[in-house]
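Naming follows writing order (A, B, C, D, E and F), and every chain is counted from residue 1.
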Amino acid sequence: MDIEKEKRAQVLIEALPYIQKYYGKIVVVKYGGNAMVNAELKKAVMGDIVLLSLIGIKVVLVHGGGPEITGMLSRLGVESKFIDGLRVTDAQTAEVVQMVLAGKTNKDLVNLIQSIGGSAIGLSGMDGHLIMAKKKDERLGFVGEITKVNIRPVTDLLDRGYIPVISTVGCDTEGNVYNINADTAASRIAGALGAESLISMSDIPGILADMSDPGSLIREIDIAEVGGMIAGGVISGGMIPKADCCVEAVRCGVKKVFIIDGRVPHSILVELLTDEGVGTMFISREGSK
Amino acid sequence: MDIEKEKRAQVLIEALPYIQKYYGKIVVVKYGGNAMVNAELKKAVMGDIVLLSLIGIKVVLVHGGGPEITGMLSRLGVESKFIDGLRVTDAQTAEVVQMVLAGKTNKDLVNLIQSIGGSAIGLSGMDGHLIMAKKKDERLGFVGEITKVNIRPVTDLLDRGYIPVISTVGCDTEGNVYNINADTAASRIAGALGAESLISMSDIPGILADMSDPGSLIREIDIAEVGGMIAGGVISGGMIPKADCCVEAVRCGVKKVFIIDGRVPHSILVELLTDEGVGTMFISREGSK
Amino acid sequence: MDIEKEKRAQVLIEALPYIQKYYGKIVVVKYGGNAMVNAELKKAVMGDIVLLSLIGIKVVLVHGGGPEITGMLSRLGVESKFIDGLRVTDAQTAEVVQMVLAGKTNKDLVNLIQSIGGSAIGLSGMDGHLIMAKKKDERLGFVGEITKVNIRPVTDLLDRGYIPVISTVGCDTEGNVYNINADTAASRIAGALGAESLISMSDIPGILADMSDPGSLIREIDIAEVGGMIAGGVISGGMIPKADCCVEAVRCGVKKVFIIDGRVPHSILVELLTDEGVGTMFISREGSK
Amino acid sequence: MDIEKEKRAQVLIEALPYIQKYYGKIVVVKYGGNAMVNAELKKAVMGDIVLLSLIGIKVVLVHGGGPEITGMLSRLGVESKFIDGLRVTDAQTAEVVQMVLAGKTNKDLVNLIQSIGGSAIGLSGMDGHLIMAKKKDERLGFVGEITKVNIRPVTDLLDRGYIPVISTVGCDTEGNVYNINADTAASRIAGALGAESLISMSDIPGILADMSDPGSLIREIDIAEVGGMIAGGVISGGMIPKADCCVEAVRCGVKKVFIIDGRVPHSILVELLTDEGVGTMFISREGSK
Amino acid sequence: MDIEKEKRAQVLIEALPYIQKYYGKIVVVKYGGNAMVNAELKKAVMGDIVLLSLIGIKVVLVHGGGPEITGMLSRLGVESKFIDGLRVTDAQTAEVVQMVLAGKTNKDLVNLIQSIGGSAIGLSGMDGHLIMAKKKDERLGFVGEITKVNIRPVTDLLDRGYIPVISTVGCDTEGNVYNINADTAASRIAGALGAESLISMSDIPGILADMSDPGSLIREIDIAEVGGMIAGGVISGGMIPKADCCVEAVRCGVKKVFIIDGRVPHSILVELLTDEGVGTMFISREGSK
Amino acid sequence: MDIEKEKRAQVLIEALPYIQKYYGKIVVVKYGGNAMVNAELKKAVMGDIVLLSLIGIKVVLVHGGGPEITGMLSRLGVESKFIDGLRVTDAQTAEVVQMVLAGKTNKDLVNLIQSIGGSAIGLSGMDGHLIMAKKKDERLGFVGEITKVNIRPVTDLLDRGYIPVISTVGCDTEGNVYNINADTAASRIAGALGAESLISMSDIPGILADMSDPGSLIREIDIAEVGGMIAGGVISGGMIPKADCCVEAVRCGVKKVFIIDGRVPHSILVELLTDEGVGTMFISREGSK
């Protein structure tokens, strides 16, 4: 037998303890950024999702939008207004967000998972009123703050063996729709599910002790340390809201929250099924006492 | 007790035999036309759907698009080409159809049903690969012919107590999406479900013996008679494909197929729960032997 | 479409929120008085019961006896003795009560429900030892005080979709049978079931502020007020034990207890499915805190 | 250890193969005659029923009336008319039959079984419309011929672990009740249940080759032989309809039908759980091929 | 009917209250001693086990070894070393114990139960890691002290209707096997199962107040009295560890623990199904308060 | 990311289609030969079994004996007689076979699987009378021919998530035990289970076109060709009975039967989860028409 075959078997057998660990557990994957734009990466991520699903992990995919929304807004000539640097979501914009997220991005992902051999059903915040929301700030229009998560549609689909794919459009009972931050929604959904892990795919390697040194990746952060790391500037800029979501998720009961590099092919598999993690893990040492 | 109360009770109690008849049965409602455009009618139809669902009928809602697609195509400046009078659905058009149908129309209906108090989850043909399709005619582009209906997502949702709301966008395993005729899809889905009834809402009172006389409504048609009625001109124009779908549904095993007037408020309730039907019923006398 | 059809649909659709409210809930109906004697009213009540059952309400019917017992006692020449104005139930009388209640009244009701299209099974206190009793007062003979309610036969029948019809004959393990007050039994059974509502059909419109003015109906009474109302004479005579049963039922955990006018056709439907209640509702504002 | 203890154990252990044979099988016991009149025998039979139920046999008890009906008719001064020697059941008589059978005999048996420690629910032909009937002969009034057996109430109760106790009063959808021959009803019910055995308790030892010689008991009769035995006078008089019922039950699919001597204490146990049968068994050798 | 038949029925019917009492309960039988050596007794015990199983008792059989182990050790020329009078179980001895117990004794019992008509599956401590152990005393080698009981394999088999037959060989995750005292193992397993009863078969009639007088059998002992009885010499010698196991089992939650005379045929049946117990019962009066 | 990580992920993701293919399917592994003797290989095989089990394959392990039996026979001084070159299994030998196979080999495998993290329960042919047998040839003693396979114990364990580990000792209802050929037993068990695949581990690479050339491995054989291959000498010697078992298994309904090289580490994984098969596959092209 050539060495190649042996290595293949070795990799599979080395994944065994990780498969045992996650068997039957819920893992929420927050999907976005480059991993969503690059077609090859997208296919790789969906392949990972299907593999995790087949080895007995209950995977929930939460996705945001991305350039497709911007593209459609520009094609429709909808101009974005900004207040204090924040984009205002008027009713027309919210409608475009809904169409693109729930109708295009979501269904394309579902179609891709199905074509690879998984079973997926797409949900928006309207389905089963999964994500109820209200205006966060009157001036920003339909930018939503989550008021309630009705998790039953997700657990019903998991029970029947589907991978729920969730677009983070919220709604209220008046017929309004809201643009919901996907990181926040993923945290809330993972919390409501009592998920084992939330994996947030981003365009950075994780939290770096020194932003300029990719080798300075911090592998594990206790959420009690996050405040200090923000104060000390280790976590800064766009990473602050992401880190806040991680903290929030851990507080809601998710055991481990990972920020991993979505630009690296199969980074989810490597993080979950090998002992060579690829990103930063947030946990609560206090919580696990 | 004033007469009003008595009448209310009388109406409810007279609905009893109809409720008994349909209890636990599957009824597919094909929803389109004016009933979809007029906001008040839309709310009335969704109210009917929720009521039917609560009295133990398993309702499946299949909807088409309507003016929203045309509006979006025109806003995006997508020009429609025609071949022999038939609109060509190129990839760009198909994408818009998908976005509007699966992202806007579908989710708005789901949201409305939920707000009235029903439980609904929206599905497209991509979810669970519900509607698989291929090109019908190479020249027409992504106008789809159904190759397979995977009905499990629909029965899974019915089992869990949801009203499945289905947008008729088809797909294949290559990632293509197809515009599917909603009447055809409803027939195929009703057949696959072994539905008790398929109710097709349209903008006419039903089949009229004399098109110019609304009083000439034909209440019941054996599908064996349809050929003769087309030949004789009783069924003509746009009614021919609709009638064909009704025949097809009955042949696929649906017991009763109705064409009812969607412009009349609560016409579904009147057809199903009173002895004053409002449209034309297609059955197979041979089939029921 | 004639106005009539529209009205019919309107009534049905207006019942929607009430159907939603009671869906899957348990409603115990205490049936007696005129509604039981008049054949037409009897049929109307059973029709209401079947309708409630079909729209997803779990209905339990508890009935007393009525003139049939007196008639049979007189036909058999069994003379009633009285002590302090209370009728003594000797063994022979108890036997007649059992025969008439469990064998005639009960089975006739079951047969009527079945003939209308419902599914019913009749139970007495002996079946599954549903109502265990002992002598209340040695001098009154087999007038029973409930010692235990074994509710499983009722929940088993509800689970299988039947309407349990209960005649209130109690028993002990010595083979004795007891005449049990139907109001008391209904309260105890509703309490044991954790019923949403207990509806007590009587021959008055409800509790009137002024007995001589039918327009002075009190729509809602907090059970904390009942003592005062008895002291103040608002609740008097035969209404006192009925009111006590209502209070008892609310204390046992039934959310709402209604006294409605059984002489009015379909008063149950009007009370439960319209916003025009017809009787007096007992609740506990404290209990709902 | 004294011999007594050893014998006790021996008896139990010798019952083993019979318990294995009947485990989970349905056995219908037709109960009547002396075993029903004598209080001690009655208690013994109910004890047997409870024992069979506890060792895993699904027992259904079908009972007739007996002297209680005659007594009540005479107390009520209802005179019996006869046509060609057959008693006419007018509406008044039918009502008394219903009251006594469904209200007294049935509930007393249920109460007795419960007091011994079994779980029983009484059914009449009205409950769940178990026994539907029509007039057999217009001149005989409400003597019923079974038109349909709706077996679901019986199987529902068996599924939930109850011993169904059935009084053989039939009904139709018009509200009429019918006096049904208990032997016939037991045969039809056993057939509808696909019972393993029907045991008919009577006041004779079984079929005797020589009526005057109790030692001439025939242990096994193929139903193909019955015609000849009637012709030859071996089966005669009141035994003819009983034998006919046995034949009918075997034809309906019951594997073994026994006529046993109800006057002998615990004859059911001896027949089912020892190798010393006590009565006559009807089978179909052809049927078992 | 001859007297014999009547007696048979009498025995069966007198077993009724005991069958009711144990119905659906778990009874663990610790099997060993003479009842295991004598072929006829062995068959009698297995017959009892099958009977108990058929009348609805969930029986678990725990067995030790016996002379077969000693025989095999001697045939293999494995010499036993002793330290302070205790036999040392070296690896070679442990291997023989495992082979004989799990491969011979266990499977022979399973085969016998199956041949009598029961359903049995044999388990060792290795199966599902049922009995985890460690060395009790380094000098004694592989004499095991139980560290954990994983009870799921036993409950899984009980759920599926099997009689689990357990050989008390323990194991650890290093691949070592341990000789476990069967009395201790039975106590721990009965405790983990929350068994109703543990019946320990031994070669004495039970605890005797006067060892020389078989008539001085003590029928019931409160575990609080055991200490005093040992101090007073009533319980002495080999009975001390047995009594300790009984106390331990009661403390672990087993309601009643019996020491019965395994040399008496069918002593289990007599103890469980008649009112003439044959041995000594350990209970906790305090525990039952 | 270093190349190593990427390769790991690649291997996992490439296993995806194979995991999908076998998901929920039954795979029987016949285990024997060198893979059973070498401790490291044994651990590797058990690791493979656990991995397959965790990724949703229902694995059944059937094992034979090997040198342990011979060793024990020699240690016990049991001399083997031979008739026409075939070893005679007398009662004493059969007993040793039972002890070693069911008590030692079987339980050691179970213990190993459990220690790696799988759930296993060991079965012999006696458990649930899984393998019933009779003498094949009176002169050979207790060499068994399978008369019946009672598969329920195996499916019960699979349903509960266990890996059944089966030692191929047969039995009859007389208490005799039989030495059963493990290849034959595996074929019969796989057939009774309707297994997707039977994988037979042996000490050769598979069927070679030229025995002297390991590169001449035949990858796929239609069972219709086997006769010719034996006649032509391609399959010869000890391979003939193995090939016969493969043919038998395919005939019993197993879809694919593999002979793979048990000496190669992880050969099962490579065969099932990569596209580089390692042995010879027997199928029936006719059967799959």
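One rule holds for everything that comes next: a contact is a pair of C-beta atoms (placed from the backbone, for glycine too) under 8 Å apart; a residue touches a chain by one contact, two chains touch by 3 or more.
Here the structure is a predicted model, which means the values were calculated and not measured.
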Chains in simultaneous contact with subunit A and subunit E: F
Most distant chain from subunit C, judged by the mean position of its C-alpha atoms: F
Between subunit B and subunit A, distance of the C-alpha-averaged centres to the nearest whole Å: 36
Whole-Å gap between the CA centroids of subunit B and subunit E: 68
Centroid distance [mean C-alpha coordinates] between subunit D and subunit B, Å: 55
Sites on subunit B at which at least two other chains make contact: none
Chain-level touch network, classified as line, ring, star, complete or other: ring
Sequence of touching chains round the ring, subunit E onward through subunit F: E, F, A, B, C, D
Touch list for subunit E against partner subunit F, complex: 72, 75-76, 95, 98-104, 106-108, 110-112, 114-115, 119-124, 126-129, 153, 156, 160, 162, 169, 171, 173-175, 177
Subunit E residues within the subunit D interface of the complex: 1, 4-17, 19-20, 23, 44, 47-48, 50-51, 54-56, 116-117, 264-267, 269-270, 273-274, 276, 278
